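Submitted below is the structure of interest, expressed as structure tokens.
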Amino acid sequence: MKSFCRTENQYVRCGLAEFLGTLILILFGCGSVAQMELSGFAKAQFLSVNMAFGFAVTAGAYVCAGVSGAHLNPAVSLSMFLLDKLTWRMMLVYWLAQFLGSFVGASFVFFLYYDALYVYSSGNFTVTGPQSTAGIFASYPSEHLSHINGFTDQVIATAALMIAILAILDEANNAAPRGIQPFMIGIVVLLVGLSMGFNCGYPINPARDLAPRIFTAIAGWGLEVFWAGSNWWWVPVFGPLAGSLVGVILYQLFIEIHHPEIKQKDDLEEDQKDRHPPHYELVHSSA
Amino acid sequence: MKSFCRTENQYVRCGLAEFLGTLILILFGCGSVAQMELSGFAKAQFLSVNMAFGFAVTAGAYVCAGVSGAHLNPAVSLSMFLLDKLTWRMMLVYWLAQFLGSFVGASFVFFLYYDALYVYSSGNFTVTGPQSTAGIFASYPSEHLSHINGFTDQVIATAALMIAILAILDEANNAAPRGIQPFMIGIVVLLVGLSMGFNCGYPINPARDLAPRIFTAIAGWGLEVFWAGSNWWWVPVFGPLAGSLVGVILYQLFIEIHHPEIKQKDDLEEDQKDRHPPHYELVHSSA
Amino acid sequence: MKSFCRTENQYVRCGLAEFLGTLILILFGCGSVAQMELSGFAKAQFLSVNMAFGFAVTAGAYVCAGVSGAHLNPAVSLSMFLLDKLTWRMMLVYWLAQFLGSFVGASFVFFLYYDALYVYSSGNFTVTGPQSTAGIFASYPSEHLSHINGFTDQVIATAALMIAILAILDEANNAAPRGIQPFMIGIVVLLVGLSMGFNCGYPINPARDLAPRIFTAIAGWGLEVFWAGSNWWWVPVFGPLAGSLVGVILYQLFIEIHHPEIKQKDDLEEDQKDRHPPHYELVHSSA
Amino acid sequence: MKSFCRTENQYVRCGLAEFLGTLILILFGCGSVAQMELSGFAKAQFLSVNMAFGFAVTAGAYVCAGVSGAHLNPAVSLSMFLLDKLTWRMMLVYWLAQFLGSFVGASFVFFLYYDALYVYSSGNFTVTGPQSTAGIFASYPSEHLSHINGFTDQVIATAALMIAILAILDEANNAAPRGIQPFMIGIVVLLVGLSMGFNCGYPINPARDLAPRIFTAIAGWGLEVFWAGSNWWWVPVFGPLAGSLVGVILYQLFIEIHHPEIKQKDDLEEDQKDRHPPHYELVHSSA
């Protein structure tokens, strides 16, 4: 049985790991939004959701960090590709795994809270209005928010997140111990929610937002999930991709390229890239 | 005195350790629910209870991790038995110790808040109604919840918990440092409460739910504690057992069986099982 | 200047360290209660106070752990004396330093919030009534609480705290890394507040309760601080002392005496007691 | 491209690092105040802001700790100068970088929440009144607070913060592991907010308060930001400078000068000061 299921193929291993990690992230993350909304804020407030999304990243990252590097976010994988630490082929595997994991995670939230969803919405799944429930799964902008400000929000939030993550992983800086990095990254995601959650709920991750949105389109909310907020859906897809790049460039310019040479391990890694699973600093020391 | 009480018998040592660890878990966990209910939500909210149950697991795990591996949960022990890391004899010792520890922990909560219980309920301990207090000790389903959805809830929550715990302990993945594992597992239990607590209060542990329920049946609430919620009591007993198995299988299939061979320590452990206390990864490095 | 102030005398060193550590604990701890009360719960709730007292212990423990072992609590020092890890002479030094540190910490809270205290109470410092402010500094029982239940509360809470602390420090169990022990102990104190704070505000420390109470008696609240709650003041003094002993005995009986001999370092320590500062496990590895 | 931007000049490296670290601190910290104020306390409460400022320090400290020692605060840099661990020239570089980083961070908060600011205030940026928004960026005293008590508040809060930070970094005491120090320092900043936030919002950092205040003066709030609270602006500039000195002196007198000689590394450092980047204990072990 074990030898039947087992594989050492890096594409499959990393794909399975990213799938399960992202599934766990979305299951816990969107689950907490459901708990808040469906209980009428009796069993959770926005602070609870901030904590849940932060520690959902922690849990998801522990699940796959030693295998795939725990990107959990297509924007992170894109950055790694552009930094030449991930082949384009592997990036596509990561993207696919992240989207599928997010989709399945969203469906588990649907089944977990099926009775509550049904009672709360009287069986009528809507995107807007007082008993709307689409916001459990994907982000929608606050009334005050223009698309320009929404895009800026996603760029700033994702860039700040990436800068902090790169610092936490950077062993030439003051990296967190490897086995504690998932916790510290979760703390930073919690921080993003505490500070940058008011405009549109800090999606900061195309897979986290788009896959559950597609799920809701299929599961009964309809295409309204794409039209809502003047076609808001594309902002949390492309904003994080842009913000991730901005963050990587800023961290490089202000910190990483100035590290003394002896601590640079990049050349070493270039050589090892073919022999190793193509992931990032989170797994350096074991790689 | 010391030599009189001392034993090196593994069954006794592990049993005593699981007993005290589970007692601490239930004392702090159910204590926080009592604080919330009896103070009319003035001294605690659901978030406080989530934090308390998480860190109660942390405290309970520190108490016994180095001795028994800190299962604290019959569902975890069952999984370890099926993974061939615990003999059936030892599993029964763990189960007994966990149930007794949970029972005694619940009784300590009763004495700790005896005056408050008496004043709040006017001396009339009830399972339902506005001044009901049975929910301090055991779980009862929300009104919206069917038994099927309740069982699904327990399977999903326990499976997600197990996946995260196995990852935190898996040294071939990105395990947390040994002395910090109890904290990280507590963070995951906090996370379960933030995301999966609305349906029925996330029992996810047969000993945590059934033993305090039996205590309340004896201490004055009566057999109503079993009838309530259409005989709800069996769901948080068998749901976690099933969910734990699902979680173990998923983590094996998606992550563990694909680890490169050199990092597998299972064969080594098979040999050592007779000489060692039969616990799990939490104590690998010292075993 | 430095050589003038410097000393290597263990009594002075440990006394100064316990003094500053306990001062920091009370300054932050009671400061958070002041913030909650004086802002009319706008700037803090009971959860904030729970977090503050937990992390105040963390901060106070970092301040003195490497020097005096960070008892911060006469009940802890008494236990160490009875466990033969502290001479009676040194115990008295610790007690004196803890009480003085707590007294000075309380006076700093008074000065920190002097304007707010004056405005809130209209310059009339009272122990009971709607604008009473004595609860900022010392504990008073809830209306529902009898002295017997109050004493039980203090015994259970301090015993549970001690069991968790001993486990966190026990290197033959699954101790937290030395530099993280102050954080983990803070988490346990937070846990006590989340679960056992409703009856009387979890003093669990004679110095934390009695010294600020004496400060308020002098600073304008009068002797009412001792009469209130039917002479409540002695419960949080003697309850924690008893509870601490119960906790030490239980941890010994259920866990510590059964550790395999090779890991016991007690004999070694007996020999070294005269050459070393007489503190506890928190500083084992450096001692 | 990389060789064009790269520098090994310590003044530039440390300046860039302090700039980015302080920017991150202010972006997340003031962002959370904006989230609280502009959402009418629906998306954040004071506890959320306390957590955000604490973990914003954590994130900012990870960004620059390995390069500049993560002062992030002119009061910390002044202390290091007076302790002879930073040249006056380098102190000026740190101060400039911290002020610029704080200014740019505040401007990012402005752009991040531009739409929300505009809607909330109807386009009328005011310092006082029900829809005032200046408090998002800089501190203003509560009504009850005199300047004397305000100054005392800043001295006590910054001194207590410095004592805890020095202990967390002091390897002859019980220092936190190097890669976890940014988290522990964040916990202490959270603690300051939980306990000392009611009087005037715990600025405890001249750069954190003055630079965003100047930004608001320029961005539309006008010179009222300096006049408000009877010219309050100077208190959070000079109070933290004084408090930082008090904290350093107290920690020296009570703890550090009494450490056994063998653990003192100060002489060693004196010799190495010219060859090393002039930062503080946060980078001892790597220096």
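By written order: A, B, C and D. Residues from 1 in each chain.
In this text, a contact is a pair of C-beta atoms (placed from the backbone, for glycine too) under 8 Å apart; a residue touches a chain by one contact, two chains touch by 3 or more.
Here the structure is a predicted model, which means the values were calculated and not measured.
> So, comparing C-alpha centroids, which chain is the farthest one from chain C?
The most remote chain is A.
> Suppose you list every residue number at the chain A-chain D interface; are over half of them used by both chains (same) or under half (different)?
different
> If you average the CA atoms of chain B and of chain D, how many Å lie between those two points?
41
> Roughly how far is chain B from chain C, centre to centre by C-alpha average, rounded to an integer in Å?
Using C-alpha averages as centres, the distance is 29 Å.
> Give the residues of chain D that touch two or more other chains, as numbers and ranges in rising order.
In chain D, 47, 177, 180 touch at least two other chains.
> Testing understanding: with touching defined as stated, what is the shape of the graph linking the protein chains, line, ring, star, complete or other?
Looks like a ring, each chain touching just two neighbours.
> Run through the chains and report each pair that touches.
Final set of chain pairs in contact is A-B, A-D, B-C, C-D.
> Taking the complex as given, what residues does chain B use to touch chain A?
Residue list for chain B touching chain A: 46-47, 50, 142, 144-146, 149, 152-153, 156-157, 160, 163-164, 167-168, 170, 172-177, 180, 184, 187-188, 190-192, 194-199, 250-251, 253-255, 257-260.
> Going by the contact rule set out above, which residues of chain D touch chain A in the complex?
It comes out as residues 2, 5-8, 12-13, 16-17, 19-20, 24, 27-29, 31-32, 34-35, 38-39, 42-45, 47-49, 51-52, 55-56, 58-59, 61-67, 70, 108, 111-116, 118-120, 177-183, 282-283.
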